[in-house]
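Here the chain labels run A, B, C, D and E in written order, and each chain numbers its own residues starting at 1.
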Amino acid sequence: MNEAVLKNARNRSTQNQSQKKTSGIVQKKRMNREDFVVKSILFLCAMVSILTTIGIVAVLLVETLSFFKDVSLLAFLTDTKWTPLFKPEHFGILALLSGSVLITLGASLVALPLGLMTAIYLSEYADDRVRRVIKPILEVLAGIPTIVYGYFALTFVTPLLRVISPDMGVFNALSASIVVGIMILPMVASLSEDAMVSVPKSLRNGAYSLGATRLEVARKVVVPAAFSGIISSFVLAISRAIGETMIVTIAAGATPKLTLNPLESVQTMTAYIVQVSLGDIQHGSIEYKTIFAVGMTLFILTFLINLIAQWLKRRFKEEY
Amino acid sequence: GQGAKDAGATKASGSIKIDGSSTVFPITEAVAEEFQKANPNVKVTVGVSGTGGGFKKFVAGDLDISNASRTIKDAEKTQATSNKVDYVEIPIAYDGISIVVNKANTWVDKLTVAELKKIWEPNSKVKTWKDIRPNWPAEPIKLYGPGTDSGTFEYFTEAIVGEAKKSRPDYNQSEDDNVLVTGVKGDKNSLGYFGFSYYEENAKELKLVPIETGNGKTVSPTMETIKDGSYKPLSRPLFIYVSKTSLQKPEVKSFVKYYVENAEELTKAVHYVPLKKEEYQAGLSKVN
Amino acid sequence: MGQGNWRIRKITDRFAKIAFLCATLFGIAFLGVLLYRIVADGAGWLNWDFFTNFSSRFPAKAGVAAALVGSIWIVLLTGPIAFFLGVGTALYLEEYTKKSWFTRLIQVNIHNLAGVPSIVYGILGLAVFVQGLMLGQAVLAGVFTMSLLVLPIIVVSSQEAIRSVPQHMRNASYALGASKWQTISRVVIPTALPNILTGVILALSRAIGETAPLVVVGALTFVAFVPASPMDPFTVLPIQIFNWTSRPQDDFRAIAAAGIIVLLVVLLTMNLLAVYLRNKYQKRY
Amino acid sequence: MSIIQMKNVDLYYDKHHALKNITGEINERSITALIGPSGCGKSTFLRTLNRMNDMIQGVHIEGEILVAEQNIYHADVNVENLRKNIGMVFQQPNPFPKSIYDNVAFGRRIHGMRDRKELDEVVEQSLKAAALWEEVKDILKKPAYGLSGGQQQRLCIARALAVNPQILLMDEPTSALDPISTAKIEELIGELRKQYTIVIVTHNMQQAARISDDTAFFLQGEIIEFDTTEKIFHTPSDQRTEDYIAGRFG
Amino acid sequence: MSIIQMKNVDLYYDKHHALKNITGEINERSITALIGPSGCGKSTFLRTLNRMNDMIQGVHIEGEILVAEQNIYHADVNVENLRKNIGMVFQQPNPFPKSIYDNVAFGRRIHGMRDRKELDEVVEQSLKAAALWEEVKDILKKPAYGLSGGQQQRLCIARALAVNPQILLMDEPTSALDPISTAKIEELIGELRKQYTIVIVTHNMQQAARISDDTAFFLQGEIIEFDTTEKIFHTPSDQRTEDYIAGRFG
């Protein structure tokens, strides 16, 4: 072994000496073009999302402002009816807002706990082989066209629910929100699971060796350490729920209504936007402009949700 | 027959862009399918971005043909003019609006236009069946109807309530007629309206409500009553709008001709109601 | 710490395990029922003609040729573009910037984009790609629109993935004289890849199922030819499926189910690669 | 009197046979040192004693390990209770991403202690026992990750001590510590010996010789020799043991 | 002849003053040991020499460090090249989640070596130099995470050696190693001294005494004494140095 090392060392010394003439230890920085190019490219990537936002905000803002030339902001915020396509016209965003809140809340109540529990099961309890199979299976749920979910809600879930509560409507927010919840479930489950798996094993070992049960390890070590990732998954999932249209349109109907009763038919802001943009309405008319006002409201809503999420992350983040 | 009459200009090539109404789509699709078969070198494409979305592209000059479940609006006309898009409007079929109730509904035999108006007008007092006719049960009435931006809604309100888009808002709306069918089927106290073809397909599970028109006659929607105009006032015409510039292209011209010539047969095939022969003739003359 | 405490903790643990398992099985059971219904409705309609035929007014003659190829085009092009943009953005945010108001702004922005309804992307895509860049109603316009739509999912999941790469791994690389980009490309990305891929799977799953934005951008419903290049007009499976389900005839709903089966097969095939790579690179450390 | 008995223990990582027919006894209130070259299975063996190997996929164990006469691999053993009573300190410091205080209080909290005063008391005692109190008493609420490597390791020792284990498993607990801290920990271990049973993996022959009562010498998954430290270090019966010890510097 | 010169180096972690007015010289082709109690700043100091502290947010450095007469904190220093020439082995093994082979080949690959044969050669030489070749030569394609702690640390040493550094910084490189591996590494360090400059943090006084030419004693961020190892260990000028050395066992 010594000889090998020596030989190796000797090789190196000759190499070093020849190297020394050309390059010292401390070299002038070469024009570090690579890092500059990379950084620029990545910056451009990031700019795409900025530009997209600017584009979206610009589109929304211009049309929204022109919308508010015709409709008073006060009426928009306080009227309880939303009938822009009716005579008499009402522009009370609350009726759509309550639909969005109802569906999103319901879907979150289904998806966040179930998704987190699934993630915990997969990352903390399940055998690796089981995990590798179940995770992609669950992810199929994210790829099923929403129209399928919609009909499933209408023709399977609703009748099931009506067995329990016979006088609920054929169109109701409950059925829609359950199914939206299922649709976003894999987003929560998969992304949270990833965050949990990334928590170093040594942390788990530390807790197990103190006599913690699996549940305690999951709750007190893994979940807090993976908090940032979990919140991100929640936000993505909630965003998707807010943005969902087809399921809601099919299973909850398209009836804007100021109600928080999940057994009634509602319409969400996004469903309304799709309805109008793919309908009979003449583009450029006041009725058409409503979709931008609604879109703007939605944008502000998701913005608020994101601010809360950011705050939560900063407040509870644990770095390892 | 499956409608594949001789398509004439088999040598035609090029592309034909069509977009617009979802209601008209099945007819245009049927025509396009047959025309395409006979003219493999012509690429016919049909989109479904709604009558409004279709017109938006049409008046900008992006389309050859726009499917429409209503006539073009003034503002759209203005845009067309400013973009130098000249067009012809060709009616191609009728869509009947059928009023239906649940199969288990034993009391409704017919409804008058006035009763329908009473049910559907804004601020309607009708909450139970009894509010319509005193001898009907005091069960709450559940209303189903199409979404507020559909042509059906606009036409129905105009015909029944008297002014387009005037309607009570508190009914179960859905964009999708199949969903309405499911709704009416699932609710004993339901009453709904939607496209005639959706009733036809589900006739066994729904109960059709005949309408008593002004002069005391009662009519149900059928191919015949819609076609001859006796199912008043609930049948509406469907159109295609063809750009005149596009009509100069031989493939578009032969397509439109083919469309009008075969509309009667193909309309029936997709469960819409064809126009009268002379109406098609009138359409054809606009093309030539 | 008497026996009582132990028993409660044990029972809680047991119960939790069962609850977690049930939660997992719930999703799977749901999927099972859903798939069963789809397959029961649609399997009978699957035959070779279904793959080679175009849209038709006769259920028996209707097929998915154009829609299938359109969907494949969309997914194959959206995948790489969204991956590149998404991972690039995530890297920029996580590795190349200090926390500042500007990065926080970008951050909130991206999260926000996730909540923008897809149809709004369609409206944007119509204005920017179809009309602005004059792409017309082509596959490429759809691809760009979809890429923007799924971007937030990839960015957010990639950011989390990159963040969970332990610092000591980066240190090891820097200490060997690796440049920043070398460290990122050879240590950070491979280590984060499994989690990035989860984002990609979810993003593409979304891309393959979307209808509304594509319709606005100009995807068609009746196309009787196969799009041969990204500049051709196109349709996609969900649009075809949507159209079929909205027909009055029952048979169309059955072939819609057959269409859904095809779509799911495309989705699974596409996920399979990502899942394979994910499993290959996934290591617990 | 022996508190732990190993009877023909074999352990496999999938196919890799990492522990081979381990048999022997560990005495109560004594310090047992495990020595041997890197990769010989010391850590693996240590983990069998509190069933931490359960966590590793593909591990398969044969044979019996009795702790206080009970086979800890029996189906109805309360593993959490076992681990509470058999504390462990790892080769690499692994504090939780929490504050220093929460790290030390962690074990007690999960075992049901809620009272703030009691917890304060436990935290202080444990940190003192781990020779860390003076350095951190003013920054108890700061994250543990701000500490140096050695401080982190002492924090982990404090965390293990906080739950009052009866047996303490230590996997090279002082390898990251400076002499002064090492001295303190060794002193502490000496104190603990009076009530506790300690099993310690060490690469430091002097340390083994200095603090342990018994020593087991591992080689390639086998126990070559297991006897009093006196015997192992002065009159080993196996040539390989002698060779290993002779090559000592540590 | 000195190759590294520190001139009034101060380092802050945000407000925490971790290195205070460090001044001194490190001789070429010699071994310099850094000793001192846990948390005194040894690792921090070591990291200033190859600018690894650049990676930590909130670090602020004052003063100058000259390597081969050049201030390495000058704005136009090529940091990557600096780090290539100043290798580093960390306190805790930190292999990449790659195969053993890819771990060792990593550095060479990023510096442009593509030829498979050459790489094979480098990998083998480096693993041999780090006394790991025999154990892993048949499992080069296996992930590095399957190795034991000690094996992982030797792998990290092999990885550092593979890029032919001129200066080698080692942060307690043998703290996770058994005596046999430690002996091999020390032997290797002895060999390397002939051509290379080595700076090594160690908690092991014997090790410092045995292998180093010079020794710096750190206490609370300051260098208390920096002199030949001979002098430090036998006739220290500062009382604190004497106290620390006297309390030795390690």
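What we mean here is this: a contact is a pair of C-beta atoms (placed from the backbone, for glycine too) under 8 Å apart; a residue touches a chain by one contact, two chains touch by 3 or more.
Which protein is which chain? UniProt says A = Phosphate transport system permease protein; C = Phosphate transport system permease protein PstA; D, E = Phosphate transport system ATP-binding protein.
Predicted model, so just to flag it, every value in this text is computed and none were measured.
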Chains in simultaneous contact with chain D and chain E: A, C
Chain pair with more C-beta contacts, A-B versus B-C: A-B
Between chain A and chain D, centroid-to-centroid distance (C-alpha), Å: 44
Distance from chain E to chain C - Cα centre to Cα centre, in angstrom: 46
Distance between chain centroids, defined by C-alpha means - chain A, chain C (Å): 12
Rounded Å distance between chain B and chain E, as computed from the means of their C-alpha atoms: 81
Contacts with 2+ other chains: residues of chain B: 22, 48-49, 53, 176
Where chain D touches two or more other chains at once, by residue number: 80-81, 92, 110-111
Multi-partner residues of chain A (each touching 2 or more other chains): 32, 200-201, 213, 216, 277-278, 320
Listing of all chain pairs that touch each other, if any do: A-B, A-C, A-D, A-E, B-C, C-D, C-E, D-E
Residues of chain D defined as touching chain E within the complex: 35-40, 43, 91-92, 135, 147-151, 154, 172, 175-183, 186, 203-207, 210, 244, 247-250
Chain C residues touching chain E - in the complex, by the definition given at the top: 98, 166-179, 182, 186-187, 190-191, 283, 285
Interfacial residue positions of chain C with respect to chain B in the complex: 54-58, 137, 215-216, 218-225, 233, 239, 243, 245-250, 253
Residues of chain A defined as touching chain E within the complex: 1-2, 4-6, 8-9, 12-13, 15-16, 23-30, 32
Chain D residues touching chain A - in the complex, by the definition given at the top: 50, 52, 55, 57, 80-85, 87-88, 90, 92, 94-98, 106-107, 109-111, 143, 145, 156, 159-160, 163
